[in-house]
Amino acid sequence: MSNKLINWFRYASPQTFYPLAGRMIPWFWGLAAIFGVAGLGIGFLLAPTDAQQGEGYRIIFLHVPASWMSMFIYLVMAFWAATGLAFNTRLSGMMASALAPTGALFAFLSLWTGALWGKPMWGTWWVWDARLTSELILLFLYIGFIALQAAIDDPRRADKAGAILALVGVVNIPIIYFSVKWWNTLHQGASVSLTKAPSMAAMMLWGMLLCALACWMYSIAVALMRVRVIMLERERHTDWVRALLAGRE
Amino acid sequence: MIHWNSLAEFLAMGRHGPYVWGSLLVMALLMVAEPMLLLQGRKRLIARLRRQYRAEAAERGQAAAGGRSTANGSND
Amino acid sequence: MLSLIRAVIGRDLRLAMRRQADIVAAMFFFIIVVSLFPLGVGPEPDQLRRLAPGVLWVAALLATMLSLPRLFADDHRDGTLEQLALVPQPLALIVLGKVIAHWLVAGLPLVLLAPVLGIQFDLAGDALAVLTLSLLIGTPALSGIGAIGAALTLGVRGGGVLLSLLVLPLYIPVLIFGAGAVDATVTGLGAQAHLSLLGALALGGVFFAPWPTAAALRVALE
Amino acid sequence: MLALQGRNGSGKTSLLRMLCGLTPPASGEIRWCGRPIAQIGEEFRSELCFLGHQNAIKEELTPLENLLSTARLAQEPLDEDAALAALELVGLLGREDLACRYLSQGQKRRAALARLVHEKRALWVLDEPYVALDKAATELVAGLVGAHLQRGGLAVLTTHQAVAVPAGSVRELTLGDDVAAQQRL
Amino acid sequence: MLSLIRAVIGRDLRLAMRRQADIVAAMFFFIIVVSLFPLGVGPEPDQLRRLAPGVLWVAALLATMLSLPRLFADDHRDGTLEQLALVPQPLALIVLGKVIAHWLVAGLPLVLLAPVLGIQFDLAGDALAVLTLSLLIGTPALSGIGAIGAALTLGVRGGGVLLSLLVLPLYIPVLIFGAGAVDATVTGLGAQAHLSLLGALALGGVFFAPWPTAAALRVALE
Amino acid sequence: MLALQGRNGSGKTSLLRMLCGLTPPASGEIRWCGRPIAQIGEEFRSELCFLGHQNAIKEELTPLENLLSTARLAQEPLDEDAALAALELVGLLGREDLACRYLSQGQKRRAALARLVHEKRALWVLDEPYVALDKAATELVAGLVGAHLQRGGLAVLTTHQAVAVPAGSVRELTLGDDVAAQQRL
């Protein structure tokens, strides 16, 4: 084993990761706030009107980051699940469980903002097209993952079962992403309506990217917070948790 | 530089106000609520664990002092 | 007598709380079945609007039915049912308690979900209201009637599927009046008549069904 | 007390279930105080305490909750202290807050037997109460049955093990292969 | 290796024969669900014809799903599953055998019933043929994918409903291509593309699914 | 032979399941012929015969069918005569054509134990084999284990009863409350 690997496994132990995560959380909150303010500022105050969609298009600054995060978090979750199965590290399972609720939140937000966008644009809250449907499936997968883990009391078992489900469900992600290409549907494909004058397009693009970064930082911060709670709960019989809780009244 | 001429115009969002603000509001609410819930859950967990540790310590103290009554066969 | 029923309801609700996953999962089954139809049938809103009452009611029926096998099976497997059958008071009272608990856990959540799902099918406000009301009145009947089937198939191998075979035909009147009420609203006729019939079915289901159920349970225990 | 013995499959379990009125006998009838139990159902059942092969405990609930809810269903409310005392007696103190699913075979059986501690009904029918129990627990249960007999209670139990019961007259009945399944109490 | 798979299939089929009620009941469930729809939706033939593929496919899906919980549950409860896990050969082979047996018992009868039920919905000859073919190709995928869910929820309280929550989303592609194939025939487009995709899903479902299923079973036994 | 004893809940069942590789140990590892069983899965499993708390018989099948299909799954085909002989030995002749659902507790256990009669694998792991058996059957099983030991086999079993095993050296291990769950075979 190389030195690097040993180092990695050191941080993979809950005992060392817990304080590390605690130190990182404020930074991610700070970044999330900065990006969020900048992104929303550009998106809602500076960006010009869209020629086709009017002002309603501003939902894009919420909808696209939420959609991206919902897919991306699933991939990260599946990655942790795979590591957990392969190397049997305790931290991996905890990370996967910590990510799932946030992923579900973003999947829901993608649906919600999409529905609120659809009403003015398409005239209906919901249509059963491929993109929308596969995003709904993604939400179901998250909920299935959470429900499965909640139904199993032994955390080690819950981790493994959840990991298997997460890995099987990964096939859904490319389906969501490419659905607009494979089936021609109501939902627009990548990079629509960014075809106006280059400067405006750039402004919208920046707004979207900044908002996406904000959501990204937010997700990391929240996942770290949650993983700390999960660690306390699962490691409650260990000495380090006892010492920790005895220390700070 | 700012795109809007008046607050009213900003709020109206070109007749799409409810949709845009509905999205932003729900998204913001949920994204604030999630960490709040987490902090609250964490507080509750820590309180519970502290209680549990105290109870265990007390029990151990008792066991050391007197020893627990053991099961025996008679029942009257 | 009331204290016995209360004790049963309390116990069953406590058990249900221990496995909340159960309640949540039943609700999601409902959601998923409702969402499957548009996928199979195609997305035209006009057609979907006409389908909505039928699909929602069929889904409610199936969701209730899926939770039925466990109504008595758990108690049967671990021997609790024998103990319940040996309680001095009539077994039907205990069954009544279990039916009420079942409705609270499996029926009520469907009622609360219905309006949200109706929106996916593009239903108008008054149709949504009647849909919810019809489910509120109709689901207790589903729990009551279902209990008979659950008891009859108890301990029978392949019970789950056999159960649906027995129960679904009995559910048909509930389905017809329930979906009919919504249809009548959509087409502008009053839903009054359908709803009163539904109410009669519910009363019958909840207060009459426990007796045959109790008898079937005794047979299953022999 | 009546202790039933007999080879595997000689019909002990079947007989006990008939005694309780769970299975109707193919021929003959079961009487209690001279009257057939089919007719005095409620009255008979309020005198009866049955414990079968199965433990009749809920895996999701803790031993304490199990004991309390059993008592509530039997309409013989038990307060929490009494229940805890019963659990202590059967050696489950310290596990009264763990869902029964995590208990071992023997511990589950103990949780089920805990209800006998405060049981005052006249007729106890126990099917292989000692199965899965270790020595200490077996003697404990025998003690409970003994105390019940001294209070003037009746007990019918089946077993493959010979366990001494402290008090009361014990009649042993060994079922042959062709014993008639008709008994008069 | 083949002899092991054959032994598993043989055993499961023999068990299924012992409780024929099971097979019959699954078929009747299919029939009843399909027949419920016209009751909930109304009897216009034109509308029914458009509904047919969706309804039949959804019913097939639900019927398969209902039989899933028992795929491993019986073996788990009576300890046979532990014995199977201790067989020297990979557990996935045994799972493969069980999946095949499940399809023979729960999938094939649906395929045979489909043409008869299609006639009730006034489907034309070629649509009927494609419907049957799509079910023939698609149902093995349902058994394979379902096995994963059945293994994941094994021994978990509330398994039945949780199972549908896990499995139904994974069934959706099968449903879309299956119903899509029939729709395409009805509207005059070729069903070729849909059917090949369905075939790919089925191959994947039957030969890939046993591995995660075996892993999940080992977890359940821990 | 290793006979495990211990109070209810002392971890016997858990230990046996780890021995078989069904549950991974929380720490430490199980070795067979010096190599960890996690690595030599197939090889180890083909030397192992495990019988748990549960009987692993199908209620719908008859004892004969159960025995035959178990053998076929283990890839050690058994002809019908041998199977019938085994059933006769455990005293189920006359019931070999009755679905197991109708058998009593003890008869079911006997049906499960019948596979030991022709079992040739080296390591037997039996969890409470004597539960629900009457005296005659208990001695029979002890005899089977004895014969296995004489052939040079190994056996690990748990029990609450003291039963003499005819031949072979018996090591008894009593699990206390805090025994480490690590064993080397």
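Assorted remarks:
For reference, chains read A, B, C, D, E and F in written order, and residue numbers begin at 1 within each chain.
What we mean here is this: a residue touches a chain if its C-beta (ideal position, glycine included) is under 8 Å from a C-beta of that chain, and two chains touch if they have at least 3 such contacts.
From a predicted model like this one, the values you see are computed outputs, not experimental measurements.
The minimum number of touch steps separating chain C from chain F is 2.
For the pairs E-F and A-E, the count of C-beta pairs in contact is higher at E-F.
The chain with its Cα centre farthest from the Cα centre of chain C is F. Greatest centre-to-centre distance from chain B is found for F, with centres as Cα means.
Comparing the contact residues of chain C and chain E by number shows a mostly shared set, over half of all numbers used being common to the two copies. The geometric centre of chain A is 55 Å away from that of chain D, both derived from CA atoms.
Mean C-alpha positions place chain C and chain E at a centre distance of 25 Å. Chain B has its Cα centroid 20 Å from the Cα centroid of chain A.
Chain A and chain C have Cα centroids lying 36 Å from one another. Among all residues of chain F, those that touch two or more other chains are 53, 60.
Along chain C, residues 19, 21, 25, 28, 32, 39, 42, 157 each make contact with two or more other chains.
In chain B, there is no position where the chain touches two or more neighbouring chains simultaneously. The touching residues of chain E, when paired with chain F in their complex, are 3-4, 7-8, 10-11, 14-15, 18-19, 74, 77-80, 82-90, 94, 221-222. Contact residues of chain E toward chain A in the complex are 148, 152-153, 156-159, 162, 165-166, 168-170, 172-173, 212, 215-216, 219-220, 222. Those residues of chain B that touch chain A in the complex are listed here as 1-4, 10, 13-16, 19-20, 22-24, 26-27, 30-31, 34-35, 38-39, 41-42, 45-46, 49-50, 52-53. Chain C contributes residues 19, 21-22, 25-26, 28-29, 32-33, 36-37, 39-42, 47, 50-51, 53-55, 57-58, 61-62, 66-67, 69-70, 156-158, 160-162, 164-165, 168-169, 172, 175-176, 179, 183 to its touches with chain E in the complex.
Of all the residues in chain A, the ones that touch chain B in their complex are 44-49, 54-56, 58-59, 62-63, 66, 101-102, 105, 108-109, 112-113, 116-117, 119-120, 218, 221-222, 225-226, 228-229, 232-233, 236, 241-242, 245-246.
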